[in-house]
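The same chain A turns up in both complexes below, where it pairs with chain B and then with chain C.
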Partner chain A sequence: MKLAFSRKHLCIPYAVFLVLFVIAPILIMLYYAFTDSQGTFTLANFGKIFTDVPTISAILTSLAVALLTTFLCLLIGYPVAYILARTGMKSSSTLLLLFITPMWINFVLRINAFKEFFAMINLLDKSAFFNTVIGMVYDFLPFMILPLYTTLIKMDKNVIEASQDLGANKFTTFVQVILPLSMPGIISGITMVFMPTMTNYVVSDILGRMQITILGKLIENYFMQNNWNMGAAISMFLLAIMFLFTFFTGGFKNEDNTRGGGLW
Partner chain B sequence: MVKRILKYVFLALVLAFVYTPILVLVVFSFTDTVQIGTWNGFSFNLYVKLFNDARIMGIVRDTIVLALTAAIISTILGTTAAIGIYYSKKRTASILNAANNIPVINAEIVTALSLALTFALVLTFMNKTYASLLIGHIVITAPFVVLSVTPKLKQMDPHIYEAALDLGATPTKALFSVVIPDILPGMLSGFMLSITLSLDDYIVTAFTKPETFDTISTYVYNAVKVAGNSKVPELRALSALIFALIIIVVIMMNIFKKKETTK
Partner chain C sequence: MEDKIIELIGVSREFDTTLAVDNIDLYIQKGEFVTLLGPSGCGKTTTLRMIAGFEVPTSGKILLNGKDITKIPPYERPINTVFQRYALFPHMNVFDNVAYGLKLKKITAVYEDANGNRIEKKEKLSRNEIAEKVSRVLKLVDLEEFEKRDVNTLSGGQQQRVAIARAIVNEPEILLLDEPLGALDLKMRKDMQLELKEMHKKLGITFIYVTHDQEEALTMSDTIVVMKDGTIQQIGTPTSIYNEPKNAFVADFIGESNIFSGTMVDKFKVKFINHTFDCVDDFPLNEKVDVVVRPEDVVIVKAGTGAVDGTITSTIFKGVHYEMVFTVGKTEIVIQDTVEHKVGENVGIKIDPESIHIMAKEFVSNVYDGYITKKNTVCFADGEFECDVTQLYPNSHLDDEGYLITEKGEKIDLTDVDVTVEVGLKDIEIIDNDEDGDACGSIVSIIYKGDHYQIIIRTDEEEEDFVVDTEYTWNENDRVSVKIPKDKIVMKLKQPEGAR
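== the complex of A and B ==
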């Protein structure tokens, strides 16, 4: 029998890779999340997420950090994107590049630069929580600006002019027309900022002087103690939030992902 | 008029927030002090120390080698996958695309822990080895190659491949001389994106790396996470060099892209 080579068979190596290192690891994690250290089935790990004080406190801290960071990124990022995209600015794409260049600089080095700067102006020892939030905004702002800019620059000028011709003032036009039309950009901006902020413990460790425990840190702590079951349960909890979020925001689209920043 | 000025003042303030820490670090890389803020005269001492520090130089080399290796493997694996998926049945294609998106949308810590579990408890023979580290990096970079190549395949004229076959090319020959040149820009952007993501990664690296192996990310994190100032002032010189390099690359890419579009 002659084995017919077909172009579709080219996906086999990657399919095997995905099964081995993406699908199987999640199933293994699922198994550990639902068992105890002896390997017997239990729901105790998930029960602990909602009863254990350090875990609840990490969830609340993560939520506070993530909500505040996302809000501040929107508050700063939206006007930046709006000014660049919609106020007839010349060479706005070059200016945009200035705002998103930090995206390609190693984030640990950037956070360290921020730490040294904060130490210099004597702010580092003040509030660990405040430092963490400012550091997260510093780290994630480009990921908010880029999708907002992309959405705003594509917006049809005629729709905005129509609104003004029909007698709406600038404020009404903004609230009734521009803001609803920028929702896709706002949603992908939030996707790019909210989840990483709940888990990126490098920022909270370096700027919060190890005093702030967010969910990512909690998972790392369990990993360091070889407590696989609790780490797996919290990870499954995060995975569930992620799926719900993607489901409610209309599924993942490639355009939503701004990790590449469109540079390459 | 006032509005125009306000506009620029706002943009300038945000840029100041973004660039002040970086610029301060660059300025203080030219003076030999432990603590930034105190100026100890202009010197290249930190740069000299940096280049004489065998450990840091080794880490820089290891980081680059890892990023290149992961990017090359990811580009090959991701490109073949994208081609395969493109020509697969709709059902197979949608399953593979969904699986491909998992590492992209997942919180990195979840990907990291699931891999660490797999290596520590099932594939124990490669736990905390270079192999597990490399696999970790491919897991986070290869999906982006697939995402970069797929749109190029969709833009391709399918008749050219058929024509090549009609003119007597073997499928392999047609693939290399017709399909690959068409999707090359997508492969290149996937490759560059892989390098960027690999260089930037901390969490997956920390969860899969051998104990004694460090990348720039893990080394800097461990050196500076403790309270107080970092004990390694040479890191300022290293950071300044990396900042400068990235800014040059970004400017060059921008000029290059402008030329492409005006052509």
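== the complex of A and C ==
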């Protein structure tokens, strides 16, 4: 048999990677999630997610942190992205860079610096929850601004002018045209912020001084206690949420570049 | 006049340092179909955008029905626009796109209360009224079945119709159309031209149409406004613009034309291509004029029987006619005729006096395209001249190395910078030999102007003309060179192409 090289063979390394580091781990996790410590099939792990008080509390805390963080990021990020994209400022690319640069600095370092800053202004001991939210906003704001910015900068100026031409003032134009047309960026930004904030326990550990447990922390705890089954079950639960979210926001449609303007 | 619907008075628009629209005066009558025509960058779109309200004039006033609307935002003007790339709302279907303006519209309704008092109320149109208006207008543009369709699934022509429907459904006083057919293919464009014309007749709305396509302008308009470099060149009906172009630019831009430099040699007699033709325009004796002859107005006859004899040097079949190039000496004349003449054929040509259009030549000064060289001299018209480059930037000076330092201290290398050079007619000195001047050529024309001679020196390679007013006599065909004093060379930086 002759070994003929075809372009198809170029994807072999990636396929190997995919099997080893994506598919296999998921299968292993699935195995642990649906078995008990003896290795027999059970649904108890999932049952526990919805009955165990610490777990429920962690889920609720995570949701609260994630929702509030996402909301604040959107509230701060949209005007910033809008101003950067639409006012034709000469220095807008420099400003954008300023907002993005923190992403390039190691975030554990950043959060620790933030902690010192919080301690300095005597906020660190106040509320573990709000400290966590503020830290998350600080950390994830660029992930909200970037997709919004890309969507807004690509928006057809003529469409906005058409709206004004047809009698809509600036506010109506924003509500009727600009906002709906920036939905892909908003969804992309929400996905980029909401999902990681559910699990990013580095922020909650450092700024919440271990007084607040979010889902990521819970998973870690279970794995540290050698309860792989529970840890895997919660991970699967999170994966399902993300899957559903992406499904309902149209993230699986590959027809256009709506997802944050192809940035992500 | 009463029926002026819109009037622009001394309107200018500057972008950074570029003057896109330069002090134009224009009025448009109610119900007219007016086309702003010109090459890209001539200011026609900027003019339209100022009427729409998207741009505010740097100076000047815009009146709508006699009322100043210069600073009124677009959403408060009874004017709607059809955009070049349609600009439909991609997140709405056809119905919602068309209904957009209607949903925002508030009309004044008059009621009588129980006591018989008149009460005026601003109210929105009802759902039914909107639906009725939308379906009526969609019928007008032949899209009645398309109400629920996603606009992204429509073809270019259909999107165009939606854009038109969206604008006219609001019954604007003026409809602005910014090259609306530019993105359509030729066949579709022709159909839409006729449809738009038809629509204009039916609706009675004033149409202001922007295009760079002269044929489109001629087909559709009642009035054409020809623009160039932010100024209006000519305003007139299609017929008058085609038949009586005001200057060489208009003649060249509208339809194909042959433009010659001519001289009035007698009453109703003009000399060009070395022959004296009868004409119907009266200009002062010895005046230099531009002569415009349309290709279809040149008649080919047997050699020896026409006014001028020459050779056919090219023949191209164009469908309805042949386009032939007739060469006499160095001059080429484009001729359109339905009878083919083969390349190399010796023929004569005749031009009817009625077909010779004469326009005054504005020899105010010599204008050239030039560029700055390394040594801070300027090259134009086959020559290199010493000049003062500091005039290009106010309050600038040259440093020791020859770089230009601007007022703000910026260092600029002017090498290869394009400039427009202007030299006055009296500022050129003629020298009796080839070597001593900065550019050389031969004298192609001498005209006695009463108290001085106007001499035209044509350079050898680029065939650029130096027009010189001088008191001294020279002979035609003399070999001469020219010298221009440094301070008489006026230069301007060329504006970058496409700046609007």
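The rule we apply is simple: the second predicted complex is superposed on the first by the 251 of 264 C-alpha atoms of A that agree within 3 Å, B and C clash if a C-alpha of one lies under 4 Å from a C-alpha of the other, contacts with A are read in each partner's own complex, and residues count from 1 in each chain.
Heads up, the rule we're going with is that a contact is a pair of C-beta atoms (placed from the backbone, for glycine too) under 8 Å apart; a residue touches a chain by one contact, two chains touch by 3 or more.
Note that the structure is predicted; figures quoted are calculated from it, not measured.
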{"item": "When chain B and chain C are modelled together on chain A, clash or fit", "value": "fit"}
{"item": "Partner chain(s) touched by A:Ser163 [first = chain B, second = chain C, both, neither]", "value": "second"}
{"item": "Chain B versus chain C as contact partner of A:Phe248, first or second or both or neither", "value": "neither"}
{"item": "Which of chain B and chain C A:Met120 touches, first, second, both or neither", "value": "first"}
{"item": "Touching partner for A:Leu181 - first (chain B), second (chain C), both, neither", "value": "second"}
{"item": "Partner chain(s) touched by A:Phe171 [first = chain B, second = chain C, both, neither]", "value": "neither"}
{"item": "Dominant toucher of chain A (residue count), chain B or chain C", "value": "B"}
{"item": "Which superposed partner A:Pro25 touches (first chain B, second chain C, both, neither)", "value": "first"}
{"item": "Partner chain(s) touched by A:Phe41 [first = chain B, second = chain C, both, neither]", "value": "neither"}
{"item": "Shortest span in Å between Cα atoms of chain B and of chain C, once chain A is used as the common reference", "value": "16"}
{"item": "Shared contact residues on chain A - chain B and chain C", "value": "none"}
{"item": "Chain C residues touching chain A - in the complex, by the definition given at the top", "value": "52-54, 73-75, 79-81, 83-85, 87-91, 100-101, 104-105, 166-167, 170"}
{"item": "Partner chain B, residues of chain A touching it in the complex", "value": "5-15, 17-19, 21-26, 28-29, 32, 76, 79-80, 83-84, 87, 94-95, 97-99, 101-102, 104-110, 112-120, 138, 141, 191, 195-196, 198-202, 205-206, 209-210, 215-216, 219-220, 223, 226, 228, 231-232, 235, 238-239, 242, 246, 252, 254, 257, 259-260, 263-264"}
{"item": "Residues of chain B touching chain A in the complex", "value": "7, 10-11, 14-15, 17-18, 20-22, 24-25, 28, 35-37, 77-78, 80-81, 83-89, 92, 96, 99-111, 113-118, 120-122, 135, 138-139, 142, 144, 146-148, 150-151, 171-172, 175, 188-190, 192-193, 196-197, 199-200, 202-203, 206-207, 216-217, 220-221, 224-230, 235-236, 238-239, 242-243, 246-247, 249-250, 253-254"}
{"item": "Sites on chain A touched by chain C in the complex", "value": "156, 158-159, 161-169, 172, 176-177, 180-181, 183"}
